[in-house]
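Some structures are shown below for you to check.
Note that chain A is present in both complexes that follow, paired respectively with chain B and with chain C.
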Partner chain A sequence: MPDKAASAAASVQPGDPGLAGAAVTPSTRLFDRFPFNRMPFIGRQRWHLLTRRDKFVLALMVGIPLVLDIALIWGSIVVDFLWSLTDWHGNGAITGGGVGHQYVGLNNYGQLFTGTYPFFWTAALHNVFWLAFLMFVATPLGILMAVILDGHIKGMAFYRTVFYLPVVLSLALVGIIWQLQYAPDWDRGFINGTLHFFGYQVPLIKDIPFVGKWFRDVSTTDWVGGPLSIIPTVIAATWRHVGYVTILYLAGLKGFDPTLREAAAIDGANSRQTFFKVVFPVMKPINIMIVVITTIEALRAFDLAFITNGGRSPLELLSTLITNNALSESTRIGFGSAIAVILAIVSLVPIVIFLAMTMREEKK
Partner chain B sequence: MSDAESTPGAAFTPGVAPSEEAARARAKDMPFDLIDASDAAAKDRETASATERALARGAVLKRKRGGIKPRRVGLYAFLVTITFIWMMPLLVAVYEALRTNGDVIQNGIFSLPHGLTLDNFITAWGSTTPDFPQAYANTLIVTIPSVIIVLLIGSMVAYAVSKYSWRANLLVLMIFTAGNLLPQQAIILPMYRLFSTHLLPWPFTDNGGTLLYNQYIGLIFIHVLFQLGFVVFVLSNYMKTLGTEIIESALVDGAGVVRIWASIVMPLCKPAVAAMATLEFTFIYNDFFWALTLMSTQDKRPITAALNTIQGQYYTNYNLLAAAALLAAVPTVLVFLALQRYFVSGLTLGSTKG
Partner chain C sequence: MADQENRAGLLSGGQVSRREILKKGLIGAAGLTVLPAVIAACSSSSTATSTPAAPVATPAGATPPPAATPAAATGKVTLGSNLSDATPKAALAAAVAAFNVANPGITVTTNTIDHNTFQTTLNTYLGATPEDVITWFSGYRMRAFADQGLFVDISDLWAGATGKLYTDAVKTACTSYDGKQYMIPFDTYAWTVYYVPSLWKAKGYTVPTTLADFKTLAAKMKNDGIVPIGLGQKDGWPAMGTFDIIDLRENGYQFHVDLMAGKNKWTDPKVANVFNVWKDLLPYYQTGAAGRNWQDAVNGLLAKTTGMMLQPQAVQVAIELEKTKPGTLADLDFFSWPGHGKGFDDEAALDAPIDGFMLAKNSPNLAADTASAKTLLAFFGLGATQGIYAKADSSLIAVASDADTSGYTALQKKQVAVIGAAKKLTQFLDRDSNPAFTGPNGMGSFLIDFLSKPDQDLTPFLAKIQAFQDSLGS
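Right after this comes the complex of A and B.
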């Protein structure tokens, strides 16, 4: 796959300058130089039906968005990398050009990995926890809901709507809605209010056996104030993620070949066996897709942490570190770029898996 | 005695014959709720051939509709419980929004209301930070053009990539798709710099003129750029399922590629485009990050980004906070309830193909 991609990349490169030149001189030779004509087309005869103008229009249709996409999205990653080799602070440099660029090699990365910048590992750990929680709690729950809702359930539309609804809400809004549950004091947070109603004292979280010790330096009963507030935050994310997984998995189950299930039943499998031995393996493409989507969601996690406390400690994530390094008072652009590069590289893992999967299907 | 009727009764009757209990225990693991009244049937099933079981299953499948089994009861109990938990946060938000702050302070949240009122919504709507009507207007100004442009451009790219094959089309598709899957934060630093120093990207800029930063058009631009990958991916998958003969005959008849796109391909893609429009509306409406970072002034921020202000603003009055947050949620919830089918099929198109 990567080899194919690389060779394809090599073949498209000479085309792009041709495109740029096309706007200036739409010469007869343009499409001779453009690799279009030398390529084995699936519907080869169709290419002969196209006029030169048609080909030019098609090239523009793809070319302009493609150039912008490559330059701005993929180019940004390259720029990130170049900046990550500098100690550029970008102080007050919104319009000034590159004040204080100093090449520092891989110093920024060194600072990150050796823990000189303590937030990095914490943030990475938070991202990992976020991923693990979504993967091992939210996703199985979403699959379970999909399996249940795939059966003959009375009031199916209602249950479905309840689980799908959080998916349409923005994560920022989800953050506020859960803030209403988590907030300190019995007259603000719903959880504390409920506990209070049932007779618990209000400075309560830190008094809970085992759990409380992690919250002991929290003066109030703020569920998202303590060092482990990543847990309540990821629960809020779960509230939304379950519905997302349910939607995706349910679609897969609807397309599931019912004769396989019947065959399993004839062979005497119970429903649990049918699911784990027949349905789940056959759904492998969707399973991988969901794992990939969950990973990407976990790497993208931002809004919830940001709306809760600005994405600062104890809710720092890789994404909020980048943003705060880019936009806060003391911008450290070189440093933020290094984190951005790391985040991009890590993100490429699920992305490449996703592409390999979808494109392999394509080839078939 | 019809066994389908007898079983539910037996489930709640103490003193059921142990053998029947056992039969039920075995039966409850059967995928199609094989329930038989007699021990003989249960024994038969244990020793039955596959064909006989299939027959039994066929027989029971007909009856299935009427029966209530302990297993179903457990299932519904689980479903109702978890659904209740899932509804709770939103219900709490609605409940808080309908109560006065004084009421809650006096009686706590977990209490019966002393009068429900819409005052919080009215107060939130009339407040100046954020100015709700303005924030909604901003959302519309950004969202509607973004959705239209991204669908136009995306469908063109998808059409060119999926209906005309050349060697690089797979690569083009991959570049777009992967670009959309990157975390937005990975490209924010260069984007922020680009927006705050340039009106247009190099080489068209002279560093003068108006910055892209804090402009509606800048936000529209970034949405189109970032969402393009998703639209291209989904629409090209959809277009591949369309036949090519009609396009070929149109080409033979002398229609240009744009004409074919507009009058043949797009009409055929209506379901996918409708799904994408719904989904993209939700995505762009829900955007928090770009609006927060690339719009600097409050009066230009769309409603979702204004939530950040709302959160800080109403910290002392959670009833008002709940009302303001719900106001911000109304449009997406309405779109979802009205177009749930499109929303779901859009998400599904984007993932299950492949």
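Right after this comes the complex of A and C.
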């Protein structure tokens, strides 16, 4: 797109030393606006775009985040890994000797993988389920919403706000909102309250032989306490995730080149074919991003389970296990760190895939 | 109270989520949108409200107790309190006000920290810059921190006047592995079965004295359309009390404490028996326990939809309801868990957890404040001070033997009688055993697992518990 290149060149500000003596007359010609022959030189005949000051600024801009990233994120991961080789209790010498202060090798990992700590595999399974549900239920739902909202519907802004509202709320708040839905007592929880209302109050329905009884029976369900409570909890997460995906996808659709759609229409594609054969493939960068974000959302799932029951059975997640071991009265810093290391390694997988794909795109 | 305010609060949840956000770094725009709100939530939870020796009026009629030391003492002491709910907070302020009357030269600065935050961050709090004196719990929950050298040995206070005010059982609850005392007891409460007498009278129910009677009564209640046994297990601990009491009645005090201490095995058939006895009672339990907090369960009891409930401090909920529904408090009573006829009924053992005060070793001011801090601890150890506290919060009672019980409510007097009649007292499952073992992803989860799947094969279930306990080392 030649227009864009020209405007990028035009955006170089006159304050730049290389442009000090450039012609003041505005010109739309690229060479006039950006006089390559007057750029600073390094060595013989090799013109260079950056002055020493530019390099310094660049070094700072790249260097500071890099140092912070290495110190705060990679440094923490390394420290975390070292802790995971101990049974440290969090105070005093880490390996000074005695229970709570010893090097235990890979013992912590052994306890996790062999099932001596039975909650680990349960939690890992819950995380996988969380991921699958977000990926195969929530994300397609979000894309569907985006496609619907992309059409010219009346009150578009209203719908968009409605779907995006949950995303603005923190997961902690989402947790509290859904607690009000799921509370087991009919006079406290909305869902059981509604079922109770149909089973006991609504004249016709309560008298239908099986239906009325069904409402009465289901109205005592313990949505967040039964063995399968991970499902209601992930539905609460879905409520938020759908809005998230919708907004991301909608932004992508807004930037979608309409001529492609027109071309598809001329070729006689129906709207479903247009979406799957034209829109979806073109949106590949957004699709990858959504997959990565969904994976990360599933791995960092924490708040809902923790708000609901502190991450106890049946809502164990890897993140709550870390909290309940390392950051609680249990004071099992070493053991909790081992779980954190595993979670960190698992988290690296989608990030690496994402980076690899992005870089490959850029090379093209 | 061990975990009573364990309702997972917005604030504490938010705090950890910030950690998550920072840790995971790579998050989408939505996370960033949320971040400021979460940080705001954090700061409001961790910034403790400081009440500098609030001149709260001492309840009328409460005479200031005699000073424990010469009133001439001057100095400062800081007090880190987890009593963040209105009633206990005001009750502690009343006790501190009484201290100020007796020791005008000593300034007490109270720092009240949200109960839940206090509990989850205690380890780092004690390792960083804690207050001089802090509120905490007895038994292993104290020992775990004392063992790490985070509390100061106060055996000298126990050797003096304070020690004479307490029974040996109380002293043991305040003693760590090294045989030294680290806690001054302040209040206690009994785990008993609460019920509403007017409902029982109307239905013709009588207090059961044997397990068979208890079951017959529960069946009768179920027939009458009443939920026989209430339970709110959301915070993870109430069902532990049921395990304790059944084990105490079926296998006796010694077996129970040895099991808790890791000397007996969970794979012992006697433990399976406890779960089997419990299983027979489960059909009479309130459904949906895991999603209900204990206060709501007590509300069901007070609303007469639930027949009875093993719970401590049900009075706290009744006090709240009394404001809108007078007469609630007067229409609440309790009885001790019935006998099981296994030869241990005479022990009349029950859970009676003790809360108290410790001296935090890492307090930056402790070197200067030790004398005044110990004066404050000795003052809290007096029956008269505890009387002021128990008067302001009638769900609990004083621990000291010289406490004036004449001003107690009927239920407080009954608690004194029940605890006095017990030949053996236990603290509570999460205070009689290693905190790492009893934590949310430990016994907290195992018991919920049992409650949601009571028909599971107990052999692998108990083997899992034993393997977990073994993996914890000491």
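Heads up, the rule we're going with is that the second predicted complex is superposed on the first by the 257 of 364 C-alpha atoms of A that agree within 3 Å, B and C clash if a C-alpha of one lies under 4 Å from a C-alpha of the other, contacts with A are read in each partner's own complex, and residues count from 1 in each chain.
The definition used in the following text is that a contact is a pair of C-beta atoms (placed from the backbone, for glycine too) under 8 Å apart; a residue touches a chain by one contact, two chains touch by 3 or more.
Because the structure is a prediction, the values reported are computed rather than measured.
In the superposed model, A:Arg272 makes contact with chain B only, not with chain C. By the touch criterion stated above, A:Val62 is placed in contact with chain B alone, chain C being left untouched.
In the superposition on chain A, contact is made by A:Trp239 with chain B only, not with chain C. When both complexes are overlaid on chain A, the residue A:Ala172 reaches chain B and chain C alike. Of the two partner chains, chain B is the only one that A:Tyr159 touches; chain C does not reach it. By the touch criterion defined above, A:Phe119 reaches chain C but does not reach chain B. In the superposed model, A:Thr358 lies in contact with chain B only, and not with chain C. Of the two partner chains placed by the overlay, chain B and chain C both lie in contact with A:Phe306.
In the superposed three-chain model, the partner touching more residues of chain A is B, compared with the other of chain B and chain C.
Judged by the touch definition given at the top, the superposed model places A:Tyr182 against chain C, while chain B stays out of reach.
Common to the chain B and chain C interfaces on chain A are residues 69, 72-73, 76, 90, 167-173, 175-176, 183, 188-189, 244, 248, 293, 296, 299-300, 302-303, 306-307, 319-320, 323, 327, 347, 351. Remark: chain C residues 6, 8, 10, 13-14, 16-17, 20, 22-28, 30, 33-34, 37-38, 41, 119-124, 126-127, 141, 144, 147-150, 233-236, 287-292, 296, 300, 435-436, 439-442, 444-446, 448-449, 452-453, 464, 467-468, 470-471, 473-474 touch chain A in the complex. Chain contact summary for the complex, chain A toward chain C: residues 69, 72-73, 76, 87, 89-92, 99-100, 111, 116-119, 167-173, 175-176, 182-185, 188-189, 220-227, 229, 244, 248, 293, 296, 299-300, 302-303, 306-314, 316, 319-321, 323-325, 327-332, 347, 351.
Residue ranges on chain B touching chain A, taken from their complex, read 29-32, 50, 53-54, 57, 64, 75, 78-79, 82-83, 86-90, 92-93, 96, 104-111, 153, 156-157, 159-161, 164-168, 170-179, 181-194, 196-197, 201, 207, 225-226, 228-229, 233, 244, 247-248, 251-252, 256-258, 282, 285-289, 292-293, 304-305, 307-308, 310-311, 318, 321-322, 325, 328-329, 332-333, 335-337, 340, 343-344, 347-348, 351-354.
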